[in-house]
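Listed below are the structures to be examined.
Look at the two complexes coming up: chain A is in both, with chain B in one and chain C in the other.
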Partner chain A sequence: MVQQAAVLDRAFAALSDATRRDILTRLGEGPATIGELAGPAGMTLTGLKKHVQVLEDAGLVVTEKIGRSRQCRLGGERLDDAMAWLTFYQRLWERRLDGLEAYFTLQKGLTE
Partner chain B sequence: MVQQAAVLDRAFAALSDATRRDILTRLGEGPATIGELAGPAGMTLTGLKKHVQVLEDAGLVVTEKIGRSRQCRLGGERLDDAMAWLTFYQRLWERRLDGLEAYFTLQKGLTE
Partner chain C sequence: MTDTQTHDLRMTRLIPATPDEVFDAYTDAEKQKVWFSLLSDEPGIVEIDVDLRVGGIQHAKWGPSPDRLFWEDQTFLEIDRPHRLVTSSTGGTPDGDTMTTTIEITFEEAAGGTLMTVFQSGFPTEEMRDFFSTYAWVGAFDRITAFFAG
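Then we have the complex of A and B:
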């Protein structure tokens, strides 16, 4: 359970940065080298490498050294757990709204 | 677009901590005071307040001072954007898998 929590911590933390989300979107089109990713992001290789490292630690990206460059592609983690958690939260939220609606309907009935 | 990115940054960052996810789960059952949340979390009031502040900044929790205590409830942000983003990522991932499958089927055909 603690391990599961740590996986979710890392996944959500990795997604909490627009540059990292852009990297994932780009890799959805196919593999790319660090250099190819750095250009459009307007970043230095060093800056981009740090972001890729965070994504790699979260299992969202896999990298492989090919010759002199490092190739990146989408990793094995499908974010199913993160998705399941968000779905659960949405349900809590909707249930809360249902409760409020029932309350206001009741109030309306009492004052009419 | 930058504003939208900042909203997503805050939502994912707020979710990247198990204590904060537990707080949201608890508030799904109904409002609670800071004190009521701190007990089960095994935290000091000060520690818990910091987590609630992060959730409040992300719009996931709303707090209200009632008498001497601060009441917390689930906020107005439904995490629709975070959900939409994860769905988009899942599609990218599945498309990548489809591509790999097509590739291996092709390879298999060539070697048979």
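Then we have the complex of A and C:
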């Protein structure tokens, strides 16, 4: 459970950087090599590799060595985890508020 | 993004009863079991116990079967009956994931009953919202929009 929280922390820390969000956006269009990502970002290969490493550690990007280059693609599992929590609480509150409203509406109906 | 409000969950509902009645029904374990199951087609399992004092904990478990239980533990941080309730909430899923957030609930007298407002904060959504508000990705944009609209 603690491990799960640490994973989420890493995902959101990774997303807090504009360059890394740009990388994710580019990868949203399809896989790309480190070299293909570095050009538009105006970064050196070394600099870009560091960002990709952060994204990979956070579970947001998956990389694979193909021939002499490293191909990157999106791995969206961690963000889906975060979305699952928002849905969890939204459903819980809907059930609570709907339930409370129905409870008193019924009581009112019985006493009137 | 300069708007900090929408990073959190906020829901408001007019409940047809006095603030005292709503506060009591919301915090009483036996009443909670009744209204929490009221609208469910299959109530399944609902277990709730409440220790309503600052530092006390409300344990709740619910789900379709004993091996698929969701749970939430709320530690009471502030109790101002019947106006306000602040808790630290840790939620859990059957898969063993947990998340801790802060919940503030206010009960305001209003025409036709009590305006109950839930404000839940601490979701790690700031970066997520910034990201999704700019770029639709893996179908999550619709879901997050629906969430913040709720």
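Some notes on this structure:
The criterion applied here is as follows: the second predicted complex is superposed on the first by the 81 of 112 C-alpha atoms of A that agree within 3 Å, B and C clash if a C-alpha of one lies under 4 Å from a C-alpha of the other, contacts with A are read in each partner's own complex, and residues count from 1 in each chain.
Keep in mind that, in the parts below, a residue touches a chain if its C-beta (ideal position, glycine included) is under 8 Å from a C-beta of that chain, and two chains touch if they have at least 3 such contacts.
Just so you know, these numbers come straight off a predicted model, no measurement behind them.
Once the two complexes are overlaid on the shared chain, A:Leu15 sits against chain B and chain C alike. Residue contacts after overlaying the shared chain place A:Leu92 against chain B and chain C alike.
Contact comparison for chain A: of chain B and chain C, C touches the greater number of residues.
Applying the stated touch rule to the two superposed structures, the overlap between the chain B and chain C interfaces on chain A comprises residues 5, 8-9, 11-12, 15-16, 21, 24-25, 28, 74, 79, 82-83, 85-90, 92-93, 95-96.
Interface of chain B with chain A (complex): residues 5, 8-13, 15-18, 21, 24-25, 27-28, 73-74, 78-79, 82-83, 85-93, 95-96. The residues of chain C lying in touch with chain A in their complex are 9, 11, 13-17, 21-22, 25-26, 31, 34-40, 70, 72, 91-93, 96-99, 101, 113, 116, 118, 120, 123-128, 130-131, 134-135, 137-138, 140, 143-144, 147, 150.
Those residues of chain A whose C-beta lies close enough to touch chain C in the complex are 1, 4-5, 8-9, 11-12, 15-16, 21, 24-25, 28, 74, 76, 79-90, 92-108.
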